[in-house]
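After this come two complexes, each holding chain A, first together with chain B and then together with chain C.
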Partner chain A sequence: MASRTASKDIITLRGSAAIVSEFFGYAANSILYNRGVYPEESFTKVKKYGLSMLLTQDESVKSFIGSLTSQLSEWLEAGKLQRIVLVIMSMATSEVLERWNFNIETDAEVVEKGVSREKSDKEIMREIQAIMRQIASCITYLPCLDEPCVFDVLAYTDKDVAIPFAWIESDAKLIQNPQMVKLHSFDTKIHKVDTLVSYKNDDWDEK
Partner chain B sequence: MDAGSFSSCISSEKARPASRHPLREGGSRPYMPSLLSSSKDFSSRQSGGDRFIPDRSAMDFDMAYYLLTERRKEKENAAAASPSKGTYRRLLAKNLLNNRTRILAFKSKPQAPAEGILQETHSNAASHPSKSAKPQRHIPQSAERILDAPDLVDDYYLNLLDWGSSNVLSIALGNTVHLWDASDGSTSELFTVDEDVGPVTSVSWAPDGRHIAAGLNSSDIQLWDSSSGNLLRTLRGVHGSRVGSLAWNNNILTTGGMDGKIVNNDVRVRSHIVQTYRGHQREVCGLKWSGSGQQLASGGNDNLLHIWDLSMASSNSSPGQNQWLYKLEDHMATVKALAWCPFQSNLLASGGGSGDRCIKFWNTRTGVRLNSVDTGSQVCSLLWNKNERELLSSHGSTQNQLTLWKYPSMVKIAELTGHTSRVLFMVQSPNGRTVASLAGDETLRFWNVFGTPEAPKPAAKTASTGPFSSFSHIR
Partner chain C sequence: MILRTPPPRKRRADSVADHESPVSDRRLVLYDDAVPVSSVDPPPDQMVCTYHCRQMVKSEFLVAFDTAEKQVREYQSQLERWKTELHESEDERKKCQDRLSYLEQELEASKGREHALQERLLKEVNDSQERYQFQIKRCHELEVQLKKEVDSRKNFESSAASAKERVTDLEEKLQRLSESSEREKNRLQRELSHLQDESQLSVSRKTADLEKMRLKAENLEEESELLRKQFKDIREQLDECLHQKSALEHELSTIPTPSQESTPSEDQNLVKHLRDELQNYEAEVQEARRLKSCHVNNELLKEKLLEEKGRREKAEMELSKFQQAQLNAQNLELELMSWKSLLKEIPDVTSYDDIPKKIAGLQKEAIESMIKVGEISAHLKELEVSLELAELSKQHAEKESALAKEEAENSAVEVKRLERMLSSVTEERDRLNKDATTLNKQKTVHADGGMMNETLVKDLESTLALREQTIKELENNLHKQREVMNRQHDEIKLLNEKLSFEARRIKSLEREGDRLRSEIALLESKLGHGDYSAANTKVLRMVNTLAVDNETKQTIEALQAELKKTRAKLQAVEELKGQSGQA
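On to the complex of A and B.
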């Protein structure tokens, strides 16, 4: 984050990439906490985005998300990242139960010509805060995850991206006939991030 | 998408096999599978498939299969799809969808979560029951306790076991009626009848949990006080032959005999015979009053199941003949196992003998058969779970098992084996938790099959649990 430009309202591609990848790191932590994928006691509170955010203390998850976000920011800077999906699956059956979509639109002009844009940190932070609040409140409508779950992160990149050493190609891990809820989006003027959660239809009431 | 872009894509692919799909097709809009509705998805795949046919002839079969299955799956409940099919379809989708996006996953997955998650859900289920669905209860596969029952008369047509409201079991073994107090496990001998009137062919606790009625081979019926151990009364001349079935309805003791008669006896009055139900041609071996006490179900050796109405009987002034409400002739063998549903009035389950092997469900208000399930074995007795929508049946050869069924789906939840001969009788403890079964192998076994009753329970929450939860360790 040291790379972020000093002047307050100017935002560069690097800075934007840092904001987005950092956002994803916090969002992933928040989802893992709120959806109970990892035990509550393995999270600690930190102040971020004007909220108290929870970060995992589980070393393996920490390093996973850490290396993930650093790779993401690399792709974001190159404008090659189209989407990030956090998938929550049943541990027993590997059935996909939830997909958290973060759709990214990159301003091509910034990538190609290296120009910068103007948007205040404060404004971006406010937008991110709204998404974080929505993630935290999502448990009210998402179906209960009543079995042990695992998560995975998928990155949708352009085809011309060379696959990094630690990455493999994956299928989309889609959900059949999902329910979808669109959440807020935020825009750094360089990267626009749309958030959407899709989940397995809970068919209790239809029976 | 035109043919040109495709062929150029393919040729360049051949030229540079190392980088997989070097060309970006079409416009800048990325392909987004999950965001598109399935029909849109489908159409784009279809056009892609047509394009590929001339170039890759081997692929059209896969494509066709994929499209066919995909279409059908959309109609079906997604949950029904098997995981292997799902994987296959995903792989097909991946291979066939020549989109412009590469989906990448980070290889080094966090390893620790496996344990962490498991612990988490355990603690979660314990501390936040609202967050997790009700775990499937653990059903012990073996008997909790086994007691010896020597000299048991191995006769399908008798009813030699009952569990009273005072939590005491009564068992008739030969000429003797034994008591087993379930609260402290103590046994006692209540009475032994004389050789010439015995053996005891049926026992039944009165609703007060104190008095016991016993039907005898001689056609007499005896009433005993279990607390004092005294014989209170002998009802004579009710039947012409042995009394194999008994059922209480408040102060009315209904008796079913080998003579095919069913008699209501008011045990308080001197001339005790109140009504006689005639309908069976042969021995009456199953006799149960409904929970409301309004309807009586009787099953006999003549393969008949009758439903009798109490109010109809009482409105009939002459205490001689009473017509049945329904005569149900669907069973192909003796109807002995009868059980009234505790959570749905007018629902009766009946089980047939070795020539029938079916459990049938009836609406006794209308006389309509609701369901019939072939169990593959003689049905000796039936019990409803008071706490869950489940039915327990006990069987004869070849397994001599107890089978727990989900109602109304009639999915087998558990099979409890251990008895080495047909499980003739089953009774349920007053709290509905434990089941005692008495079999021809002269053992009395106790099963903790129905689980503990839970007071506040949300609506049925079992179907969503995964395959692992049947081996659940969560209480």
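On to the complex of A and C.
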């Protein structure tokens, strides 16, 4: 994936796709923990990105996220993935309450010609760490989720992508008149990931 | 001051008035070297006349000598006075020379400073000219950019106006579309209710047919059992008949021919009887065959009954699925209502087919606007950079103008100082001229002792002429410097005007930048909202939701296949119904 050079590391398309898909896996776990979608006792701590990250131990959620990230990695290597959205919905009403938007910009030259780029691994980890810290601090401004919620993941791909098995076309699950907060971004020089969270206006705030 | 000559003795001057001779007793003493002067011997009387003459001559000589001495003393005093005056003039000359040397040094220093100042001013002028030209170039470039921005803004405004017009048209079309969609919806609802009724009727008919078929099957089963029993009996009878037949045939074959001639009537009766029995047996065999075929048909009917039972169960399942499909249809109707409500908000849509086109067009516009936003943001960054550079240049120019002002003030102070020096030097010159003229006048009276003064005066006059030339040159330089300073003041004024103009332009660019930033924020919000282009993008999600494994996948596939079959059957039923309706 990355080989050591004097001051910068060589990043290939496969390596960058692995970094981004792994980041999404950890980010999804962090969001599920921080938003209380699953109980806290179902998460365990691991060391990643220089932080103590929380991973779910629920086998079904694990397998879901695992198969999801493997498919995302394939799309990233093909340069077909444009955006990933983690949607949190009310279990009772299926109303979309939050959308965690991860916008991806891919260097087309790398996909077409297979060239590699140079960037320090430490720098990338630092950037990801900043995003993880922001996700953890989001509870200070996001409205409380007082009802049981479920989550789903949407992938915005190119039109010519063949729909894999166990995937179907879906609507965008938008929120009407959302509030938006832009978070940090990270760049592997091949894939640039911008993070943004949009959430439904809290009734208390509207009043 | 030590006098070289003693002052004149006052006693002698007083004695001259008393007409006293050096000899107090008025006696003429013969001059004799050996005789001391102080020897006082009374002269003889015989020489009194000559003595009186001599005394007279002596007195006259003494008077003349006194007068000469007086004149000498006067001349000596005058000489001493002149000497003192000469010393004083020499001192003054030295002072003047020192002052002249000082002035020359000052002049050279001022020349050097002036030269340095001129060079610095020239450099500053050149720098300011270069900056001015650079500013002009930047101004031209900014003007061109501003024109481009204004043109782009006009284009955007025109496109916005055209978009607004399209919006109004689209709203009208959307109203029409909503009306048509409502009509379509009502029609579909009516058709759906009709189909529901028909399906219920068909289901009831199917159930009735199933009941009939079941009853028939039960009757046929009973009949088949009866027939089976009859078949068994008949089969037994047939076997007996066949056995009897075979025995009779055997007997017939063993019976001899005369016996046959003897009893032809009995044989004929027997043959008739046998033929009758054969016919009966054949009839029974046919009946048995018929019963066998009935049994076979019965079994076929049983199979059909089983099939119909299976179909009934399937129909019941399909009924339940139909109910689920109704629920799904209701949910779909709700979604359709929500989509229609969304459609009402979307302009430029006349039918459902236009929706993806409109969405594609909107997404294209969004992408184009995003591209424009990116270009505008890049342009904005360039403008910000140019703005920062212009502000830096403005600050630099202000600093330089302040420095130039300070230098101009310093040079003005320097000029004033030089003017004061010049005035003092001219005054000095005038004074020296006056001294020179007085000395010249004194020279005419005292020609003997004035040779030195002439040379000094000539030297002074030459130095004065030189100083006058230097003073004239200084005045010319001062005049030139003043002109240069005036020109620099004018240039500074022009630069200040241009600075103010650039500051106004900077403010306008800042306002433009703020507006563009707000547009960028708005477009970023739209982007963050989740909008996308259907022509380039599709949204996928995993069906494999949590707690679904391979078995559920297979059940899902099986259910999907059954659903397709039921839909095909429903279509067939509808076609049959249509055909029956036509019939």
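Just so it is clear, the second predicted complex is superposed on the first by the 197 of 207 C-alpha atoms of A that agree within 3 Å, B and C clash if a C-alpha of one lies under 4 Å from a C-alpha of the other, contacts with A are read in each partner's own complex, and residues count from 1 in each chain.
Following the convention adopted for this analysis, a contact is a pair of C-beta atoms (placed from the backbone, for glycine too) under 8 Å apart; a residue touches a chain by one contact, two chains touch by 3 or more.
Computed from a predicted structure; not experimentally measured.
Chemist: Check chain A with both chain B and chain C modelled on it and let me know: fit or clash.
Modeler: clash
Chemist: Using the superposition described at the top, determine whether chain B or chain C touches more residues of chain A.
Modeler: B
Chemist: Quick check on the superposed pair: does A:99 touch chain B, chain C, both, or neither? Answer first, second, both or neither.
Modeler: both
Chemist: Just chain B (first), just chain C (second), both, or neither: which does A:147 touch?
Modeler: Only chain B is touched by A:147; chain C is not.
Chemist: Taking the superposition as given, does A:90 touch the first partner, chain B, the second, chain C, both, or neither?
Modeler: first
Chemist: For A:60, is the partner it touches chain B (first), chain C (second), both, or none of the two (neither)?
Modeler: both
Chemist: If you stack the two complexes on chain A, which partner ends up touching A:201: first (chain B), second (chain C), both, or neither?
Modeler: First partner only, chain B.
Chemist: Between chain B (first) and chain C (second), which, if any, makes contact with A:159: first, second, both or neither?
Modeler: both
Chemist: After the superposition on A, what does A:45 contact: first (chain B), second (chain C), both or neither?
Modeler: So A:45 meets neither chain B nor chain C here.
Chemist: A:37 in the overlay: touching chain B, chain C, both, or neither? Say first, second, both or neither.
Modeler: The answer is first: A:37 touches chain B but not chain C.
Chemist: Please pick the stretch of chain B from 44-52, 242-250, 332-340 or 386-394 that overlaps chain C when the two structures are superposed.
Modeler: For chain B, the clashing option is 44-52.
Chemist: Please report the chain A residues shared by its interface with chain B and its interface with chain C.
Modeler: The answer is residues 60-61, 64, 67-68, 82-83, 85, 99, 101, 103, 152-159, 161, 163, 166-175, 178, 196, 198 of chain A.
Chemist: For chain A, which residues are in contact with chain B within the complex?
Modeler: Residues 36-40, 42, 58-61, 63-64, 67-68, 71, 82-83, 85, 90-95, 99, 101, 103, 108, 144, 146-164, 166-178, 196, 198, 200-204, 207.
Chemist: Where on chain C does chain A make contact in their complex?
Modeler: Touching chain A from chain C are residues 524-525, 527-532, 534-547, 553.
Chemist: So in the complex, the part of chain B that touches chain A is made up of which residues?
Modeler: Within the complex, chain B touches chain A at residues 19-24, 28, 30, 32-35, 38, 73-74, 77-79, 81, 83, 86, 90-91, 93-94, 100-114, 116-121, 123-124, 131-133, 461, 463-469.
Chemist: Show me the residue ranges of chain A that touch chain C in the complex, using the header's touch definition.
Modeler: Against chain C, the touching part of chain A is residues 60-61, 64, 67-68, 82-83, 85, 99, 101, 103, 152-159, 161, 163, 166-175, 178, 180, 182, 196, 198.
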